[in-house]
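Scrolling down, you'll hit the structures one after another.
There are two complexes below, and they share subunit A, which is joined by subunit B in the first and by subunit C in the second.
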Partner chain A sequence: MAKQLAFYVDINKCSGCKACQVACKDKSSLPVGVRWRRVFQYEGGEWIDQSGQMIPSNVYAYSVSSACMHCAKPICMDVCPTSAISKRDDGIVLINADMCIGCRYCSWACPYGAPQFNEELSVMTKCDMCHDLVDMGERPACVEACPYRAMDFGALDELQAKHGTFADPAPLPDPSITEPAVVYTPNKVTKSSRNANGRLMNLEEL
Partner chain B sequence: MTQNNFLTKALNDTVMTRRSFLKWSAAIGGTAALAGGVDFGLKAIEGAAAAGEEQTLTVGCYHNCGGRCILATKVKDGTLQRIVPDPTPVEEETAEVPRAIPCVRGRSQIRRVYAPDRLKYPLKRVGKRGEGKFERISWEEALDTIASEMKRIKESYGNEAFYFNYAWGVTWNGPDGSSIIQRMLNLFGGYVGYYGTYSEAAYGVAMPYILGGYTGNSADDVVNSKLVLLLGDNSLVTRSGGDNGGYWYMKAAEKGTKFIVVDPMLTDTVAATQGEWIPINPGTDTALIAAMAYVMVKENLYDKEFMATHAAGFDESTLPEGAPRNSSYMAYLTGKGYDKVEKTPEWAAAITGIPAERIANLAREIASVKPCAIIQCWGPQRRAYGEQFVRAVPILAAMTGNFGISGGNTGQLPGGGYCPMGGIPVPPNPVQISIPCFMWPDFVTRGTEMTVEKDYIRGASTGWNATAGDTTTTQANKDLRLKSNMKFMWNHGGNCIINQHADVNYTRKVLEDDSKLEMIVTVEVGMTPSAVYSDIILPGTTGFEVDNIITGEGHGIKGNHAWALYNHKVIEPMFEAKDDVWIAEQLAERLGFGDKFRDGHATREDWMRDMVAGAQASVSNFPSLEEFKEKGYFKLPGGKPFVGFEAFRADPEANPLGTATGKIEIYSPVLANLKNEEIPPIPIYIPEWEGVSDPLREKYPLMMMTTHFIARSHSTFENVDILREAHPQCIWINPLDAEARGIKNGDTVKVYNDRGIVHIPAYVTNRIRPGTTNIPQGAHYTPNADGVDIRGCGNTLTNYRPTPMAKGFTAHTNLVQVERL
Partner chain C sequence: MNTREWALLAFTILGQTAAGLMIVLMIVRAYLAGKAGNEVADRLTNRPLFMVVPIMALALLASLFHLGSPLNIVRAVPNIASSWLSREVVLAVTFLVFAALYTYLQWRKAGGEGFRVVIGWITVIIAAVYIYAIGMVYMIVTQPSWNTLATPVTLIAGSLLIGVLGMAAGLAVGYAGLKGEEMKAISTALQGLALSAIVLLGIEFIVLPIYMGYLATQGGAALQSLTMMVGPYGAVFFFRLLVLFVGAGVLAAYLYRNASVAEKEKTLTTLAYSAFALALLGEVLGRFIFYATHYRIGI
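The block that comes next holds the complex of A and B.
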């Protein structure tokens, strides 16, 4: 069995620029409304009155770049009535467009909102981990696109050995639901799904 | 969406679902016209790769963010496939010369080439100017019309009726770009030029009076800093790709450099460098600087010796000859100056909104942590009294001992390396007169009345070189006058006619009367608001459709190295698009000086060969044109980071600055001579009109900025659907201001003042100071039937009132009111 492939994002190096998202859309010619990679802006804190002067209190912000997590327990695959979703040997989860009937069960089930319905094609689509590039020994388009080298890609166990196992920077959900193949390095202000006290700000990513 | 989707939780706080966002985009004509069904007129390039074969070729990101990153595109069967980053092999990447990976904008270039609003044919206006009614004409007719109008206008008004408008949508070194058109215009008898920029007018004009020139440390030097103090610098957004400021700031943060950022907004630069945010009231930085200097003076925290030997007018003992008593910066700080007010932290707290204790501690920190890079960027100088800010920051750098050392900075914007590359030769302009670029509407309405003293018109200018031809502070040519108002404007890939210039509604009025400015010619790739106000529109090629050369250039804040890029023609010109060389040459023929124009350059390649020869003359290992084309780029390592004014620091007598005194001229005798209260000899805090203390805030309480935006280089890329999707246009507003108005995140709001009205979604965020708002610049002005802009063009609300000295754009000084719609 090949090793499960995974994404890595160092939140310390991410500015929230979305070059990764746009590179993904460029590579896979995705229409507006279909975002296989999304970058969540997360923000917390408030402004308080300090003897007549307004000052920020614990105001923080960070970004989380996220796509399909090619999970160990892909719930999308479980709910698909036509078995259009499969998991490759190397862990990449793929949707077979020919078999997809567009019922959207997978997108409702996936806690990451990764499957994205393509209205033009009337099928569900999602991040395919650039398997065409990966099969040629290249790295995914998003990983290559990051101007600050925040992203990496490789075998999950190797990435975990290097960077730990943190997989749920808020606003991402509890990883126990699907066991995502992803590792994040938090920055100083990153919250986890358990101590999230902020808000998702960029509503366009919903 | 179901319950278990975490994103539904976020919906509690929202009214803008994906559906409503898409609807909003469609309403402004955004997402409706996707690639499907649009005929792009694709043709394979003759002699290109065989059918089915994929090629990877370098192309430039040739717009005006200052980045000029290196990208490549995959092309197959004459169709663009996808963008790939700087093709330099990863093994060749070094710490000093990283690969120039493009930012989010560069990644989207293919959608810009294939944008549904690409101009297909030459167009001639048929309705009233600005009405948007055009008719397709042939190239023959377009060029004949332009040539005959040029001749007519020259005969009736002379060459001083011609103007080449400020425009940077295409920034090739050549052969395309402004130079080739200017070459044609100068052979025709010349045109009125401009000086300064929309970006850094005050910086360019005021900086020479304190430091004699621009020589900040190179951007890669921040990795040597312990502390970086940024004033209004959001390089992670403005220069986010390649090896520009954003990259180096991230490198420094990774190494443990601490960042402190003074900005009304918690920008991406604050968040990404995990810096400390000092949220300041817009337009009050000079008060903060004065108070910090005051604390350093009171607590003996500054480099007294350096200030005595290297600065003029810091205190009374170093005032230049002839300066009155108590006119030094020290006198200003200590309450002996013109206003007799001590610049205490308490004084500044009331103005800046920063607690006094925080100001004092900040002063202590930057005075003690060494080395500390104190860096200003250009946002705070695009304000009512921008010149004051520009000259104030270097004082802090000098006082704290960080001037002229590695890891420090001069208080200026960091510089970067430059690859000397030849360009298109532009013969001297026979018209020896220029105007501040921002003041062009005055040239239309009252050009012949403009004077040196009031309007700061000048002798001949070389574009953005701010000191060339200065007649305002010298006695030369005081009586300079324009012989005509503007009658002909060439707008070359620019959007400063309507979109990027202040007060759209005023400019519209100026232009709607076409008896004043009789002819506007625009060369563009897409239908911009400025194109809509043109009389003839010529469809230009994008970078992907013709060979060009570009260099990563000096005003981008970069590492101390440089590159030149060979931009390949990767597809045939779309529709009837033509390149600039062809356009200029066709006109030169019609105007009777084709041979003189060509000067022996029969083909595009001949021009490029000259450019390469120019590079080879100064860089011995610069490759031949053929090798350059084959590899696609040439990188020029610069070694260690550059340190600005190092020699001056070591020996100020032997290496004086270019100021009148040769010192860091805090008191400028030249400016004192102007005897203008708004241009004082020392940099002071001047309360702004439409600023924090303007009584107009009773009517329009919110201070509105129009900052740069990650999804655009100014207004370039605005037509790219996936960028608008990734970073939608919104107005930033603090929750306290939003709640008071019943506004929730995602609500569409009405933003207005006496100059105009904008409808735009609100981004309700703690990342902006209460009392402050921001509409990112560059969205395309799109009026509805009531004249309300519905796409979020901030210049519907900005003021055509320039800075006092540079006559620069005051883009960030505006008062507005915001209401829920």
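The block that comes next holds the complex of A and C.
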């Protein structure tokens, strides 16, 4: 059994520039509206009125780059009626376009919004971890593109040994649902899924 | 909702109608056969029976419009081990095949009485499992407004309600010209159907507030769904309750009262058809809200 592969993102280094998202679109020639990798801007806190003076209270903002998590418990794969979704030995979860009937059931189920329907092809598509590049010993396009070197890619256990096991910066969901193969390094203000009290910003960019 | 989602709604409603009708039909047939003999039972139940197959065929046709790549539909079988959607599709097709077989046998009076009854009840079992499977399709952990016991319960109650009132309409049409034992049997059957409709309505009206209370305590995506149900979709929501109440409550009560009065077949037919139409509309509106107000956990 090969080792489960995973993405890593350091939220301290991420500026929210979305270079990873653009590199992904370019590498996989994604049509308008399909974004296998997305960068979520999350912010919270408030301004308190103290006798006419507005004082910021716990105001924070940070960005979370996310794509398919190539989960250990891929709920997408469980619900797919056709077995179009499979998990490789190295953990990469793939959709076989020839088998997909486009029922969208996987997109109802995945809590990461990873499966996205391609209207041109009439099938569901999602991040394939650039398995073609990976099979040639290279790294996924998003990881290579990050100008801040905030991303990494490799065996999940090695990334966890180096960076810990934090996997659910808000707005990402509770990791116990699908056991995502991902590691994040939080910055000072990062909330976890359990104490998420902020909101998503710039929704029109998602 | 777009075309694809309407297709899904049509698939579900038509499938529920065919399966619900089949279940109720066999129960009523058994009762009539006991009271007035097989010949009468067949004569009175064949008319609604002939509706089952066309409705189910339409359901499957509608399902194709939901799919992005309908030509691959035959591939929807392999994941039966883990996917409820796969099971729903397989059960829908199996139900159609058995319903068609039973209808053919009844139509041609082929295969002998006992054999026909066995095939009929096998079809009922498949119909029941099929209805259950439709509900289970929506039991997805990441869809809190769907992932509750209320989903299968409401779906089963709704299917039976349509079946009960559809059957009542089918029986009322055959009421004219009956006498003696036959007439007594059919009016008792109609009364039983009317009472069942009221009980099923009661179940729906008990489950609904519990369900909404549950959504309110869950917060997050569940609360978001509830807010949509009573907010932007509030008018549809309350209109549905009204429609159900009038159809399965008020009209069913009138149906009950008139069922034992001779010479009332015109009134009965009108009552039964109106009640059926309203129950169907109520189910369509319910499904519409169901699909329009779900929110997935996560991003």
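Basically, the second predicted complex is superposed on the first by the 204 of 206 C-alpha atoms of A that agree within 3 Å, B and C clash if a C-alpha of one lies under 4 Å from a C-alpha of the other, contacts with A are read in each partner's own complex, and residues count from 1 in each chain.
Operating definition for what follows: a contact is a pair of C-beta atoms (placed from the backbone, for glycine too) under 8 Å apart; a residue touches a chain by one contact, two chains touch by 3 or more.
From a predicted model like this one, the values you see are computed outputs, not experimental measurements.
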Item to complete: Examine A:E204 and indicate which partner it touches, taking first as subunit B and second as subunit C; both and neither are also allowed.
Response: first
Worksheet item: Which partner does A:W108 reach: the first (subunit B), the second (subunit C), both, or neither?
Response: both
Practice prompt. Determine, under the contact definition given at the top, whether A:C142 touches first (subunit B), second (subunit C), both, or neither.
Written response: neither
Worksheet item: Where does A:E43 make contact in the superposed view: on subunit B (first), on subunit C (second), on both, or on neither?
Response: first
Discussion item. With both complexes superposed on chain A, which partner does A:G33 reach: first (subunit B), second (subunit C), both or neither?
Written reply: first
Worksheet item: Touching A:C68 in the superposition: subunit B (first), subunit C (second), both, neither?
Response: neither
Discussion item. Quick check on the superposed pair: does A:Q21 touch subunit B, subunit C, both, or neither? Answer first, second, both or neither.
Written reply: first
Discussion item. Quick check on the superposed pair: does A:V182 touch subunit B, subunit C, both, or neither? Answer first, second, both or neither.
Written reply: neither
Item to complete: Could you look at A:I55 and tell me whether it touches subunit B, subunit C, both or neither (first, second, both, neither)?
Response: first
Worksheet item: Among the partners subunit B and subunit C, which is in contact with a greater number of residues of subunit A?
Response: B
Worksheet entry | Overlapping contact positions on subunit A, where the subunit C interface meets the subunit B interface | 108-113, 171-173, 177, 200
Response to the item:
The answer for subunit C against subunit A in the complex is residues 4, 66-70, 72-73, 75-79, 82-86, 89, 137, 140-143, 294, 296-299
Practice prompt. Going by the contact rule at the top, pick out the subunit A residues touching subunit B in the complex.
Written response: 12-19, 21-23, 25-27, 29-33, 35, 39, 43-47, 50, 53-56, 59-63, 107-113, 120, 141, 144-148, 171-173, 177, 187-189, 193, 199-201, 203-206
Item to complete: Quick one: which bits of subunit B touch subunit A in the complex? Just the residue numbers, please.
Response: 1-2, 4-7, 9-11, 13-14, 16-18, 21-22, 25, 30-31, 34-36, 82-85, 101-104, 107-108, 110-111, 236-237, 240-242, 246-247, 250, 253-254, 266, 268-269, 271-272, 274, 277, 279, 349, 353, 355, 710, 721-723, 725-728, 734-736, 745-746, 763, 765-767, 769-770
Worksheet item: So in the complex, which bits of subunit A are touching subunit C?
Response: 38, 40, 66, 75, 78-84, 98-105, 108-113, 117, 122-124, 171-174, 177, 200
